[in-house]
Structure formats: structure tokens, C-alpha cells
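Lettered A, B, C, D, E and F in written order, each chain numbered from 1.
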Amino acid sequence: MAHGLTHLDKTGAAHIVDIADKGETARSAVAGASLIATPEIVDAIFGGSLKKGDAIAVARVAGIMAAKKTSELIPLCHPIPITKITIAIERDSAPHTVTIEARVESLGRTGVEMEALTAASVTALTLYDMAKALDKSMTIENLRLIKKSGGKSGDYARERA
Amino acid sequence: MAHGLTHLDKTGAAHIVDIADKGETARSAVAGASLIATPEIVDAIFGGSLKKGDAIAVARVAGIMAAKKTSELIPLCHPIPITKITIAIERDSAPHTVTIEARVESLGRTGVEMEALTAASVTALTLYDMAKALDKSMTIENLRLIKKSGGKSGDYARERA
Amino acid sequence: MAHGLTHLDKTGAAHIVDIADKGETARSAVAGASLIATPEIVDAIFGGSLKKGDAIAVARVAGIMAAKKTSELIPLCHPIPITKITIAIERDSAPHTVTIEARVESLGRTGVEMEALTAASVTALTLYDMAKALDKSMTIENLRLIKKSGGKSGDYARERA
Amino acid sequence: MAHGLTHLDKTGAAHIVDIADKGETARSAVAGASLIATPEIVDAIFGGSLKKGDAIAVARVAGIMAAKKTSELIPLCHPIPITKITIAIERDSAPHTVTIEARVESLGRTGVEMEALTAASVTALTLYDMAKALDKSMTIENLRLIKKSGGKSGDYARERA
Amino acid sequence: MAHGLTHLDKTGAAHIVDIADKGETARSAVAGASLIATPEIVDAIFGGSLKKGDAIAVARVAGIMAAKKTSELIPLCHPIPITKITIAIERDSAPHTVTIEARVESLGRTGVEMEALTAASVTALTLYDMAKALDKSMTIENLRLIKKSGGKSGDYARERA
Amino acid sequence: MAHGLTHLDKTGAAHIVDIADKGETARSAVAGASLIATPEIVDAIFGGSLKKGDAIAVARVAGIMAAKKTSELIPLCHPIPITKITIAIERDSAPHTVTIEARVESLGRTGVEMEALTAASVTALTLYDMAKALDKSMTIENLRLIKKSGGKSGDYARERA
């Protein structure tokens, strides 16, 4: 881990790190999150009966568009040529849980982990927004990177996804 | 809860709900999240020794700017005249946890819950981005509304913040 | 009409006109457009069988989000506190036509005509995008203001909507 | 046309399709639109006598900037490295018509049809905005793809441009 | 000046200061800048003979649109309901100087100084961009607030504009 | 210089020039600016005692994020795949001056001069914003390109940086 921590350079200042020497390779990342709600809200989300409209469709579009905005939101992220985005929103076996997975792919010089995490996060927040008239105590848990591939740092897969 | 669920109107279509009849009142919301990492990363975040720069300062600015972008990210949110934003990023008593709180205030016709949640989420994601060269298994947990005040739906405070 | 045309002022330069003296009143605008396609494409749009996904839901979200971006797109538009947005996407009696209507409301100092027109336009363009793998010869016709109310210039209703 | 329509996959969900396998080639697209107005307005647009300023120059800049925003507006569009944009705004032989053409070029993995259509649309809407104090009954017609080249789907040229 | 400097609060952290208690009043600000170039470039800018197009018109639109983006660019600026923007671009008596002035007005709870300064800055940068094929040694000087009115801090006028 | 000036083409219209034939090469640009303030303000900026928070950290993040927004601000700029951004903010030997330098790098088909200038400009404006409660008479001077490398037009270095 020592190679990651570093003595501060002269200024220790925030900067966008150089990626010009990194190869342009196929990269992918999958991130996940869970929305914890009441079973009634989970039913309303998947039954399409929320007052504001079809939560699944709206949240999916929100997640896709957020992935494309990642470098505007996360200050030190590079702009990245995304080649594919998919968002899955599913009922979990637990009756109070909505499971979200975002997959992003790119052919570029840096990874797409932040794009996948941003997409998963905004998808979950959009579900919250559409259901919050019913209950404000929902929480978003376990926002995490599930796996990534490509790039110098190699592949990564979380042990317990 | 019945007033929240509703028979689908003719189309059941997603829409931005009418707030013209709601009063322009003082509104505030506080949202929180936790970044769960290794104690070494928590030390590096607060010690300012991360390679990409001062994580606390960068994440705070990211959270503030994200709050202002909420209506661009969450499809059915109204644009809102924000009057104040503060972000707290603190060490938790648990050695592997960074605690984030975002407070947003407005004088407007609808609440600022989503602005506070978006700010907390992007603050946490920015910390993840700045530390992810050390460890990709960090997770963001307990992204939630802690309290809100103002508006027709009245005040809300989570039982266990 | 003479009050609209004007002798050039010293520079004749583009500018955002002053609205500080205009009252903050309820304003609404409805704009429409038609997507002209093959009957097969119209069937695919409403049957949800397009390869890229549910065109109606995606186009509606796109139109709503575009309304909020109007002042970023149309250089001389003021930023406006939108209070409501709805988008209707319907089959026309003519088998090759999709009818789009966007309604925007505000409490502000200037009208929301451009917001409604921008929403209708982006909704139609999104339908085009989702169906263009099938046929690129679709056209968007009759993008127009149907009616507006509020403001000094008073109400307007197109004779033949 | 069968290859375009498809059985729904497991979810039928909206997604950004994979373009990683498509070649990075030269691509261009030309889109057009017509603004239908009174002859007096057409004169004012080309005579530079509109109260809000030089409509041609403002609308051209608006169209150029909109092309660059396409992937923010059309949810399933990929971000694209645009290499050239030109916008032509001309008097038609018909005295009540302004003709708009937008040309966009790229070296990339997917086409620029939506960029050209978005540019033409926003150029026309900006002309509408600048002239609407004179007459709100203007319409935008015949927003369409005129031709495109490059990419796997090959060249396309509308029969009657 | 003591009321401006302050002991650090507990965190000293960047934040968007509270403006909810400030009155909603008419506010205006005028900012200026100078582009210093060769007399040939100044001639080309005002003669409309630059290869990239009409620099004055493009720079004016850029400045207007930038004013509307101020709260996206300057992290601690509040979003503001702008009511008027004008940009003047003029030849100075000195043959190598282009003079830029941006005026912004609002009815709001905080001033528009940053909006005027951002507009003047982006107007000047756009002129630089359009002429830089001729000479890269141009400089932008004297970017400054010329005057402001409205708000608790009262009126301000620079002694030597 | 004759190759830069040009006879107007048919329209002389603003456009984004074609860069498809330019090679994808390593490019860098360094831009600078000076904020001229009172010595007390310079002390407060570097001492971290400004009421709004840590000006250096906030201004640096603002400059980095602005570089990524350049093609949204400067109408005729191409979107560019930035590979590195650093911002230096330093005390000058003159007690009333803060020196700003922004360095941007890319692997692309056009230069990054405007990205570096935009970053330097927004960094300086953010410092102004954070200190303006103390004194509004600060000015930004000498916003300029210091050097650039890469591309057909070759390297450039200002004689007196």
C-alpha cells in the first residue's frame, strides 16, 4: 500500500493526475447499491403506482445521464469516452430492498469506477425522490464497486459482492 | 399513506409536480453518509497525505457544487433558490469510518432534501475517488435524510440519526 | 407590430432584456410537435419493442430535463423558476404520427414559451434517436406554441392547434 | 427492418448500446429545419432589426454550442469527439421561410446524426425566441436528417432534401 | 476591515454563506476588462475579418451565457435570478486595446459582482480564442469590478474605472 | 500573418474549424494570471483566515473543474480529452500579488491553450469571490498564455513570462 501513500510534493495540491502514458484499453466497472424502504414502497416502485410516475424508468435514465456527468461532479476525474452504460434495478429477496447495479464500459486511458458508482448513486437517489412523499426514512446502503477490469492496476472483484 | 399512493391518472406518466400553490417559506434539510474504509485510509484522508491532494477540501467543494446541480441530476426535482450550504466531514469514533453531513437551506416552494442527499453522496464519492488508489473495497453506507424543516409536510427527524 | 421592430440602439447588440419591472405572476405555456414515421415505427414506439428500450419513458424524461436546461441552450433566455412540467406523447389518428405536447408552468417575471418549445423539441428528438436504427427518414413537424397565459403580453392561443 | 425490432431482452430496459467494437472512422451528418414566419419577420431576422439583437449570429452560436451538448440532452447518446461544426441560416425563395442547415463531423465510434439534428433544432428555436415578441405563431417544420456518411450502417441521403 | 477577517470557526471550512435574511432587492454590477493585442488584430476583430467568424457577436453571446453559468463555475456563489445582461465590446483610443464591459442586474438576495466579472472574463477569452491563430501573445488586463449597487454592503464605484 | 486573416467566405460565419486532419499528439499549455490585492488580503488568502473558508483549496478545485468546462464556455472550442491538470497558486515577491499558473495536457487533435487560460481565469475569479467581502477593488492582471507545445503551429514561449 506504500506506493499509494506519498510524501507531499512541494504543495501537496489537488490535481488531475497524468494519464497520457497509460494505454487506451477496454475498461469496465460494475457498481452496486441498495435502497432500503418499506415493503409497501418497494411494491409501489415495481408496481408503477407512485404518484410521480414510473420510478424504474425515470431512475434508470437518471443513472445513465449521471454516468456521463461524472467528470463534472467528481473534481479530479478525467473526462472519459464511455462506450456502454446499463443499469439494472431489481427486487431483492428481502422484501424491503431494491437492488441497483450500474455497468459502464470505455476504451480509454483511465478506469470507469467513478462513472459506475455515480450512476448507481444517482439511480438510488432518484428512486428515493420518487417515493419520498410516502416515507422519508429510506436509506441507501452498500454503495460500492463490485468489480472492474482493464488498466494497469488490473482486475478487481469484491469478495462478497 | 393512502394519499401518497394513487390511482394512475390517464397516463401515469412521470412529471414535475405543481408547486405553485405551495408557500415560499424557509426550508432546511440535513443528510448524512458514512465512508467505510481501512483505518490507514481514514488516517491518510485526515492527515492530508493522499497522492491526489487534500481530500477533505476537494470533497467539500464537490459536495457544495453538487447540491447546486441537483435539479440537473434528479429528473423530477424543481430548480431551487439555495440560500446556504455547509458540509461537515469528520472522523467517527470507529477508526474505519468517515462521517459526512450536508446541510442545505432555501427560501422556496419545495424542500431541499434531495439537495442535501446529493451533496452528501457526491462528497462521499469524491473521498472514494481520492483514496481508491489505496483500496477499492471502501463502501458508502447509511446515505439518509437526518432531518428537514419547513413546508406543508412539516418537520421530520430520523429517530436514530 | 411597430413596437416590436425597433431602430437599432447604438450597438444593436444582442442582450438579455430587462424583466425586473415585470410582475411575478403565474405563467403557463403549451407547445407541441409531431414525429412523422412509418406505421411500423409508431407501433414499435408505443409497443415498447425498440432495441434501445422504452422510448416513451426515456423521451418524457429527456423532455422534462431539457425544459430545465432552456436558459443554457437559448442564449437570451432568462433562468426561470419552473413550478410544473408535464409531457404527453400520444398516438395520432394518422397511423404514421406521434403527437407530443409539453406543458410548463412558472411563477416568474417572464414567460415559459421557450421552455415548452425546448421540451417538445427534445422529446421528439429523443424518440428519433431511439428509433433511428430502423429508419432515418423520420421528420419532426409543426413544432409550435399552442397556447400561453400570464404576463404583460397577455394570453395567446393558436387558432388551429 | 427485422434486425432493428427485437424481442425484449430480460428487462427491455433503456441502455447506452455498446460501440466499443465499432471502428473509429470519419463521420459526418447534415440536418435541416425551416422556420415559417411572416415575411416581415424574415426581413427583420436578415435585416438585423430585431429588438433583441442580431438573430443570425446569436442563433448560429446557439446551434454550435447545442451540438456540443447533445449527449447531455438525448439520454442514450454517447459523448462524441466532434471535429467540425458549421451552421447555415439562409433566406428561402419562399418569402416566409428561413432555412437552417447544420453540419457536424467527427472521428469516432458512432454517428453524429443527433448532434446535427440538435444543432438545427436549437438554431431554429433561438430564431423563434428572438422574434417572438413580434409574432408567436411561427412554426418549425421539416426538422430532418438530410444526409450522413461513415459508420457500419453506411451512407444515407434523403431523397428530397 | 476587522469585520471581514474572522477567527476560524471550528472547521474553517468553505461553505456557501447564508443569505436568507438578506432582502430581495434590485442589484446591479458592471465589470470590465481589456484585451491587449496588435493593432492588426484589433482591426480584424472589429472588421469582422477573422477566419473563425464574427468575433464581436460570438464573444458577446459567450459572455452572456457565461454570466448565467457563474454559480456552476465559482464554487461558493449562490444561484441568482438574473433579470438583465448586456455586454459592450469597443475599440479603445489606444490602437492595441479592446475594451469590454459587462453589466448584470438581478432582483435577489445577493449581489451580481461575480456574474459581471465572469461575463467580462469569458467575453475576453472568446476574443482571444478567435484571434489566437494570428498571435498568441495577447493578454487580458484590468479585469475588475467597476461599480455595483444594491444590497447591505451598499454601492461601490471604483475611483479610476 | 496573412495566412491568418482571410477573405470572408460566402457567409463569414462563425464555425468550429475542422481538426480531423490534425494528428493526435501530446499537447500542453501553461497560462498565468495575477490577482492584485492589498497585502492584508494576500495574507488572509495564504493564512487561511478568510470568512468563506480556505481560498487556496477552493480556487484550485474551481480552476481544475473550469478547465474541463472550457468547450461549454468558449463557443468555438472543440471538446478535448484532457490528460492532466495542475494549478499553482503562490505568493509573489510583491506583497500585494497572488500568482496563478495553470498547466493542462492532452493527447488530441487541437491545443489546450484555452483550457489553461480558462483555468487560470476561474482560479483568479474564485480568489476574488472569497476575498471580496474585505475589498472589492482587487484586479486580475496579465491573464496570458505562458507557453504551449505540440501541434502543427509548434511550440510557443512568451518572451517575458
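The rule is simple: a residue touches a chain if its C-beta (ideal position, glycine included) is under 8 Å from a C-beta of that chain, and two chains touch if they have at least 3 such contacts.
Protein identities per chain, from UniProt: A, B, C, D, E, F = Cyclic pyranopterin monophosphate synthase.
Remember, it's a predicted structure, so these values are computed and weren't measured experimentally.
**Student:** Going by the contact rule set out at the top, which chains touch both chain A and chain F?
**Tutor:** Intersection of chain A and chain F contact lists gives B, D.
**Student:** Determine the set of chains touching chain A that also touch chain B.
**Tutor:** Both-contact set = C, F.
**Student:** For chain B and chain F, what is the smallest step count along a path of chains that touch one another?
**Tutor:** Minimum step count, chain B to chain F: 1.
**Student:** Hey, how far is the Cα centre of chain B from the one of chain D, in Å?
**Tutor:** About 37 Å separates the centre of chain B from that of chain D.
**Student:** Please report how many Å separate the Cα centroid of chain D from that of chain E, as a whole number.
**Tutor:** 31
**Student:** Can you list the residues of chain A that touch 2 or more other chains?
**Tutor:** 13-15, 17, 54, 57-58, 61-62, 65, 69, 72, 75-76, 79, 81, in rising order.
**Student:** What's the contact topology between the chains, one of line, ring, star, complete, other?
**Tutor:** Here the contact pattern is something else, fitting no line, ring, star or complete shape.
**Student:** Name the touching chain pairs, please: which are they?
**Tutor:** Between chains, contact exists in these pairs: A-B, A-C, A-D, A-F, B-C, B-E, B-F, C-D, C-E, D-E, D-F, E-F.
**Student:** Hey, which residues of chain B end up touching chain C in the complex?
**Tutor:** 11, 13-20, 71-72, 75-76, 78-79, 81, 109
**Student:** Can you list the chain C residues touching chain A in their complex?
**Tutor:** 54, 57-58, 61-62, 65
**Student:** Spell out the residues on chain B that touch chain A in their complex, using ranges where they run on.
**Tutor:** Residue positions touching the partner: 1, 4-6, 8, 12-15, 17, 40, 44, 48-54, 57-58, 61-62, 65-66, 69, 72-77, 113-114, 117-118, 121-122, 124-126, 128-130, 132-145, 148, 153, 156, 158.
**Student:** Looking at the complex, which residues from chain A come into contact with chain D?
**Tutor:** Contact set of chain A toward chain D: 26, 57, 60-61, 64-65, 68-69, 79, 81-88, 105, 107.
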